[in-house]
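Chain naming follows the written order as A, B, C and D, and within any one chain the residues start at number 1.
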Amino acid sequence: MIDKQVRDVPAALGGVEHGATVMIGGFGETGLPEALIDGLIDRGIGGLTIVNNNAGTGSTGIAALLKAGLVTKVICSFPRQVGSTVFDDLYRAGEVELELVPQGTLAERIRAAGAGIGGFFTPTGFGTEVAAGKETREIGGRNYVLEYPLFADVALISAFRADRFGNLVYRKTARNFGPIMATAASTTIAQVDEVVDAGSIDPETIITPGIFVDRVVAIGSRFENEMWAHVR
Amino acid sequence: MCADRLTRAQIAERVARAIPEGSYVNLGIGLPTRVADYLPKGREVILHTENGMLGMGPAARSDEVDPDLVNAGKVPVTETPGASYFHHADSFGMMRGGHLDVCVLGAFQVSATGDLANWSTGAPGAIPAIGGAMDLAIGAKNVYVVMDLFTRDGVSKLVESCSYPLTGVGCVTRIYTDVAVFEPGPDGVVVVELFGDFTVESLREATGLALADGTGATT
Amino acid sequence: MIDKQVRDVPAALGGVEHGATVMIGGFGETGLPEALIDGLIDRGIGGLTIVNNNAGTGSTGIAALLKAGLVTKVICSFPRQVGSTVFDDLYRAGEVELELVPQGTLAERIRAAGAGIGGFFTPTGFGTEVAAGKETREIGGRNYVLEYPLFADVALISAFRADRFGNLVYRKTARNFGPIMATAASTTIAQVDEVVDAGSIDPETIITPGIFVDRVVAIGSRFENEMWAHVR
Amino acid sequence: MCADRLTRAQIAERVARAIPEGSYVNLGIGLPTRVADYLPKGREVILHTENGMLGMGPAARSDEVDPDLVNAGKVPVTETPGASYFHHADSFGMMRGGHLDVCVLGAFQVSATGDLANWSTGAPGAIPAIGGAMDLAIGAKNVYVVMDLFTRDGVSKLVESCSYPLTGVGCVTRIYTDVAVFEPGPDGVVVVELFGDFTVESLREATGLALADGTGATT
């Protein structure tokens, strides 16, 4: 019987290696797989290249991963935020490399990796610094920049609900990068609030088919705190 | 200069009036976000947020906050009837594919031909950050910039050629400022509306640009 | 108030012009917008380039459109089917042009048009007849063919349910080309079984956001026939 | 030739045995479809159909037919628990992106280096049709061809170089025939399993190919 559920975060992270390229879902804190990030920190897996929209704020999540000295390079669209002090300090000290990618190009590069596309021409960034040194082309009267797929060894994502096949549904804007990152990594690991019986998620509503998911770990509701009583 | 220039709220209100019913609109962070507050009552306009939603409602009151529902500025927001969610590749495909009718953005500079600079002042040591700005700039059918025409030092932000790093080339369709509304284009800038006691002539002097006078035309 | 619902098929097809490129959803008969195709035939709009996975079978749907002499060119992946006699005869007589595209490339070209991609490198068809005369490139040790977006003036699609904003949900494999064709046409027209109140479709389950849909026409349940009692 | 060659049902059964639990599998039209009938009971294998579904079940009985639920051959099918639906771009992204573990296809010819020809015999006047064949051929991690080794006229369909138009270059990983299982590759073909009384040597003669003998290795 297929069962992608694993018992805990350490089991979920088995095989993640030093030097890996790790996609991490989320847009700011929304949809961020915090339990899996904490697991990476606990295991002390270092030399990581991380792909995320941001570069962490405050002292938890990606900021904590950076602070633990486990990240060599960040590929993101928007590192500079209120509270992104951990990244800022490391970047200014030259201790972390930054590859800055426009958000839509980041998303499309991830999607291309998952969909077997070898490269694509995007109008985004043409004539700007992000196109420097890149191949450009006029197609149908418009100017485009050639961009390449972005693959990862591991994708860590957060979803709302899963079944044993790894089918996933998300909640609201926490969906963000999860569905595309799941397609672009050799191993995709999802933390979810709960794992439900096979067949109990309406097939029309599944956002990430299980084919893209290798392991699922249930971490319990993120809404048990009474602060979130109204969204439960 | 003059006392009759528009306040920031009035700029937002002026842009809001220009957005027709049924439009799909993305509002950037800061002043652009305030445009939503001035949409005429009963006019249905559908707001897009880059992080994967159409039909975004107003900011969430404290008892409405849902950690899974935020806007591009990571601020908790609400959902309106008819809203939909989608992932990031679909959201940016929607933007890049020209499906948004209007996006409203702030700017450091706009050039006479509609080049936009709004992501970096190129200051040494500054941490660069692009986010969705470049996709919005080149994607929407109409790219409206809202900004004060002059910096605090009185330097025009509408320029012959941007000195700051570009966000997009020739992408701005209209510029709403505190003193006038401009339309940049391949043949230069047309002034389409004036506020207060600036004239096209005095704006030519203040900006150093060969502005065309389009204030007689209906906008 | 936004209301994309129109009263009938002729109203839905307003503005469709002679010589238009028309995407037609469906995979065989499944998800085919038959009411809208019949409307095209009734209006006698000709000179059409149609984009569909197939080229019609039997005597209804696309076969009827071809038979009516309204189609100049077919862009599809699989014209040759049991019962595709109308197309076969016209093609052999040189009365309809055929552009044959591998199915995944057809889908990706449509998706590219909707997503603002100017061109993409696909491994599909490399070294085969469909790559003849096309630019190819080795990227990361693999060979790719450059393909361009496919736009349409009009997309005619079939969905299960809509609201007044044009948000759509589909049923099972009838989803097929609908969601991508909706993004690639200047005007997208959807026939649906029913139009429901705004807000009554769960926002998590909407497959085609209304931004991609211009007009919706309700044609009633396709399952009223007692033959389909079990799927109602 | 010999009486002990596999029947088509036995070829399908042999392929079915080679597909591990948990595999995501696309079965082409015709003989490949029959592989599903021979998957060992209790072994969970998830079937993909190019027209937008994972978790496809068996063909629908007459009282189960749903006009909205068909397979790639347009035959009404059923849905299994854990199934999911997606649109065509996502379905072919899944295929092209290398996410399917196995696809099983028929063939007119396969070359010694794994080129596949299965979409056209290039006959004059024939209506060409590709469908999803080219995407399947280059997309799946393992591309298994099922075919009789010889045409009715006794000509080998495993060839030095395909004479029919190609579906994909160097894409076939294994060929299940009625007389042997072959693995084509950049260095030529390895025979990995024999059925009946063909030997590697007699196959060399029958195909005219320099076949390597891999029948001693574990498959």
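As a working rule, a contact is a pair of C-beta atoms (placed from the backbone, for glycine too) under 8 Å apart; a residue touches a chain by one contact, two chains touch by 3 or more.
Computed from a predicted structure; not experimentally measured.
Here the chain-to-chain distance from subunit A to subunit C, counted in touching steps, is 1. C-beta contact counts were set side by side for C-D and A-D; C-D has more. Computed from the mean C-alpha positions, the centre of subunit B lies at a distance of 54 Å from the centre of subunit D.
Work out the mean CA point of subunit C and of subunit D, and you get 29 Å between them. If you average the CA atoms of subunit B and of subunit C, the two centres end up 35 Å from each other.
Contacts with at least two other chains are made by residues 108, 111, 115-117, 122-123, 170-172, 203-204 of subunit A. The multi-chain contact residues of subunit B, meaning those touching 2 or more other chains, are 79, 85-86, 89, 92-93, 95-96, 139.
Inter-chain contacts, as defined above, occur between A-B, A-C, A-D, B-C, C-D.
Interface residues of subunit D facing subunit C in the complex, by the touch rule stated above, are 49-53, 63-64, 66-71, 74, 79, 85-89, 91-93, 95-96, 115, 120, 125-135, 138-139, 165-169.
Contact residues of subunit C toward subunit B in the complex are 1-2, 111, 113-117, 163-165, 167, 183, 198-199, 203-204, 206, 209-212. Listing the residues of subunit B that touch subunit C in their complex gives 21-22, 24, 44, 46, 48, 54-55, 79, 81-86, 89, 92-100, 139. Chain contact summary for the complex, subunit C toward subunit D: residues 27-31, 53, 77-81, 84, 87-88, 91-92, 98, 100-105, 107-108, 110-111, 122-130, 143, 160, 170-180, 207, 222, 228, 230-231. Residues 108, 112, 115-123, 137, 139-140, 142, 144, 148, 169-172, 202-205 of subunit A are the ones that touch subunit C when the two sit in their complex.
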